[in-house]
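In the two assemblies presented below, chain A is common to both, partnered first by chain B and then by chain C.
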Partner chain A sequence: MLRFLGRRVLYMFVAFLCISLVTYVLMKAAPGSFLSMNFQEGGVSQVAGSYNVSPIVMQSLVSYYHLDDPWYVQWFYYVKGFLTWHMGTSFEYPGMKTTHIIDTAFPFSFRLALMAVVTALIVAIPVGVITAVKENGWADVSIMFIAMVGTALPSYVVAVLLIVVFALWLHWLPVIGYTQWQDYVLPVLSLAIPMIGSMSRYLRNSLLDQLHSEYVTGVLAKGGGMRHVVGSHALRNSLLPLVTVVGPQLAGLMMGTVFIEEIFNLPGLGHFFTSAANLRDYPLIMDSTLLYAGVILIMNLLVDLTYGVLDPRIRRSFDMG
Partner chain B sequence: MTEKKRTMTTILWGRLRRNKAAVVGGCFVLFLILCAILAPVIAPYSYTQSNFLATYQGPSWQHWFGTDELGRDMLSRLLYSLQTASLIGFGAEAVELTLGLFLGAIAGYAGGLTDTILMRIVDIVYGFPSLLFSIIMVVLLGHSLFAILIAVSATSWVGMARIVRSQVITVKQSDYIQAARGMGATGWQIIRRYVIPNSLGPIVVAVTFGIPANMMVESALSLIGLGVEAPTPSWGALISNGDQAMFSFPYLLIFPAFTFALTLLSFTFLGDGLRNVFDSKSTQ
Partner chain C sequence: MEVNDLVIRFRRDGGVSHAVNSVSFRVYEGESLGIVGESGSGKSVSVKAVMKLLPKHAKFEGGDITFAGRSILPLSEGAIRHLRGREVALIFQDPHAYLNPTKTIGAQMVEPLLFHRMATKSEALVQAIDLLRQVGIPSPELRVKQYPFEFSGGMLQRVMIAMALIAKPKLLIADEPTTALDVTVQAQILQVLRRLKQERRMSLILVTHDLVVAANTCDRIVVMYGGRVVEQLPSQALLSQSQHPYTRGLIACTPSVRGERTLPTPIGGAPLNLRRPLPVGCLFAERCPHCMERCRSESPVLKTVALGHEVACFLAEPQTSGVSA
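And now, the complex of A and B:
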């Protein structure tokens, strides 16, 4: 188990370094970036003259941002800054640290994503069980049709369809604001519905595999009821693979919050990220990118670990390999 | 030999025809492609032509889907946004297919160290938050159609590479290839009669699902203001524009959202149907 854990953490670390290298290179390559000025002609004093700043101030800025060091040292400070939560200041909001913006906005997005996952699980598990037990019945066929529609649409289209029905036609729910609980119903639902679609489809299929297997026939032959079969045997075995689909779903969900926050005007990190991308606020873009990437990687790691803990076969295949 | 090939196609076609949703989806996809190609011919107005005497007009005989805040005809703008989405959707899929076929086939055939290195790269790109990556690419490359094409296909080729590799490996190891080789079939015969028919299914299905996925990325980018440049319409931009005035002029939100949803759904139903067709286990 320890070896499995070590391998996964190492793998995650390598992936994180790769992503940070990509964002770093892209940030350096960005046109007009302040950080690329040591490549300009004439060096520091020339640039200081053109910006009308005293060379001493410029020199201190250069050494503060490690601009006189080779690129890999700069990259090292960039990653270190992220890991110790001491990143630069935003272009768009002068004097404001990007970490401060992220600190206030990220928990909001994370809460939104978490509520969506919980909602999706609460709905998808019973739906998956019902459709599998009533295989090919009218309930199964119609629910699976709806689930396919839900899977096919991205969360922002689902959001618009929900707005049209519940806000424009029925006037039941608000679409602007974030103070009362009603404000969260539509955003959470629009994030949850695509997840519900794919999760319930997946659960139905893996549960069907279990229900068609010989041990279930054995339990039924010994006089066990359907409730007993699903409750104490089949559901357990089919919830396990569900963990693997939840992982990529969570990554998609983190990105989904960006668009949902845009549509519902919610003050999450996605909102800041979008405006930063539009205004070319490079520090904020890159720091939030790293954060999103880090969150997604950690989620994937947790999913893999859960899977490893739950299924001894996975662990063993890692230990051998 | 042509006789045999025809029967296989007929079998597949017969299976597809039985799935009503797939047939409807497929017809609608054809209709959409026609609309996208013929957009300059069938669009009743120019998509940039503003008319300040006819702003915010509801649906009418002159303007089927109404007009926007500059008096531009929504139907024309929707047709051109379909064109944009199709260009990106099909174009990025072509890039993905080329990269995926090339790298996947190399990894599958060569095996060993080449395979390991290529698949590690694929693993790392697969772990990338792809939409984030597209956003960064657009921020850096700009808003041209070509930049968005690259941004969309930059990370999505890995899925195709994985599928192609696993297909190549499965087919390579199967007994009937050994048998054909033992009976003296040439390499070209093996590829044409066994490898292509047996590995085509999953790739066709992946392409059918890939196109709407690319369209989704394209419109997601333009939804947050990072899509194609302003006068060229895109579904995402139309949706975010309609979102701002939805209580006063709901049709500006409803038409883009519903047509986009319909487009995505028709591709999905077609893809789902194709998956059942090629999955010989599910239907005989």
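And now, the complex of A and C:
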């Protein structure tokens, strides 16, 4: 088990370095820089002003960001900065360290993502079970039709629908803000509803695979009912494929959701990161990408460990190394 | 237990498959019955039907199954569950497929007792360990904590037997229990089955395609072909007195270790295609070396030729030796 973990962490580190390298090259390959982008758009007065700063200040800035060093040295300092959590200052928000942006926005996005995924699971698991057990019955067919519609609707359309119904017509819930629990209901639902559709379809199919396997006949032959078959055998086995999709989905949501943040005016990561990419805010681009990579890698490790919990055969293979 | 004129059809992809076409047999208390036939002769379907364990597209088209004087077919799912595992237990061909790969052997073995509320979890586990020892599994205390993939096929089939017996059923149905196993392991498993059947005085139905296995293990043998019973006779009478051409053919194609080195004689032709409409007359007529005009127009019924010996063939004659019917 420890050997497995050790190998996985080493592998994650290598993957992390590769991702950072690719991002760095791509970022530098994109035409324009932070200064030229702002020059064209005529934005950010402080930065425009910095064209007139004395050569000494300019020189110190250049050396601070290692701009006169070869590309691999710059890359090295980005990665080192990230790993030691000394990442420097954002170009777009001068005086604000990127760590500070991440420190404030990441917990928020994390919370929102977790609430959305948990809500989706709470609904999707019973729905998946009912539809699988009533395979091709009227309940199955009609619920799966609704689920398909739900999956097809993007979260920002769901958000607008929810706002119209619950805020404009019924006046039940607030639309903007993030201080009290009511503020979270609509954003969480907007994210969860499309997920409920896809998750329940996923669970239904993997549960059906299990229900069609022969060991179910074995359980029935022992005198068990459908309750036993699903409750203590098939459901657990069918969670494996579900975990595979939920893990990365959760990681993706944690990095912020641009549409939902914009619609509900929430201080999540998505907003910062997209504007960073547009404005060539190099430090913030690198840090957001590395954070994303880190979250995905950790989530994948968690997914693999969950496999081990769910399936003894995989657990044994951890030990075999 | 008694099965009368059972007819089962499978509907699939618009076609109908005639799996079981009027089958009757009975097992008495403490008796062992062997059901023999080649693949697709309806033997497996017939015994799974006994516990109503057939897939949804299987339809009972006629006949009746009674267990201990009670008709089973009209029973509700809830009522049939009271019988499954407690009164009638099943063992399947491939133990790996019929066990949940992610639960421990112990957890799966105690299920019949838990489903029927016959013991608490810890009591049941004690019984499970004891039974595993009886079927010849070394260090059962450790084995109950292991998973199916950590067992060999033969060991797992022993586990299946122990699991089937844990609720002390009156009837054990073994559906090709040794087909997937090595010959040496096969013999051990059959021995375990025979011994436990004796000790527990239960009835046994052994489904197999192997005539020798059936004859060695069972008191009586039912031979099936094309979803029909063609011959029914006591095991001792099999070699000397069987009369149906199909049974004779099965005996002829069984290789013998002792005696002359002769190649087994195969039965010519292909097994009946049950997806097509059934032919008129005897189902075996196509492949029968003694086929007559009459066999193609008229279906032979089982007729008694000796005590406990019935044959569905026009050529069958009452036995002169022994007690005549």
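Operating definition for what follows: the second predicted complex is superposed on the first by the 238 of 321 C-alpha atoms of A that agree within 3 Å, B and C clash if a C-alpha of one lies under 4 Å from a C-alpha of the other, contacts with A are read in each partner's own complex, and residues count from 1 in each chain.
Note that in this section a residue touches a chain if its C-beta (ideal position, glycine included) is under 8 Å from a C-beta of that chain, and two chains touch if they have at least 3 such contacts.
It should be emphasised that the depicted structure is a prediction, and the values quoted were computed from it without experimental measurement.
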| item | value |
| --- | --- |
| Chain B versus chain C as contact partner of A:Leu189, first or second or both or neither | neither |
| Partner chain(s) touched by A:His228 [first = chain B, second = chain C, both, neither] | second |
| First, second, both or neither for A:Tyr215, with chain B first and chain C second | second |
| Partner chain in contact with A:Val160 - chain B first, chain C second, else both or neither | first |
| Broader residue contact with chain A after superposition on the shared chain, chain B or chain C | B |
| Which superposed partner A:Pro312 touches (first chain B, second chain C, both, neither) | second |
| Which superposed partner A:Arg236 touches (first chain B, second chain C, both, neither) | second |
| Interfacial residue positions of chain A with respect to chain C in the complex | 213-215, 217-225, 228, 232-233, 236-237, 310-313, 316 |
| Touching residues (chain side chain B, partner chain A) in the complex | 21, 124, 127-129, 131-133, 135-136, 138-140, 212, 216, 220, 223-226, 236, 239-240, 243, 246-247, 250, 253-254, 257-258, 260-261, 264-265, 267-269, 272 |
| Chain B-facing residues of chain A, complex | 14-15, 18-19, 22-23, 26, 29-30, 145, 148-149, 151-154, 156-157, 160-161, 163-164, 167-168, 175, 251, 254-255, 258-259, 262-263, 273-274, 277-278, 280, 285, 289, 292-293, 296-297, 300 |
| Touch list for chain C against partner chain A, complex | 51, 53, 77-78, 81-86, 89-90, 92, 94, 97-104, 111-112, 115-116, 147, 149, 163, 167 |
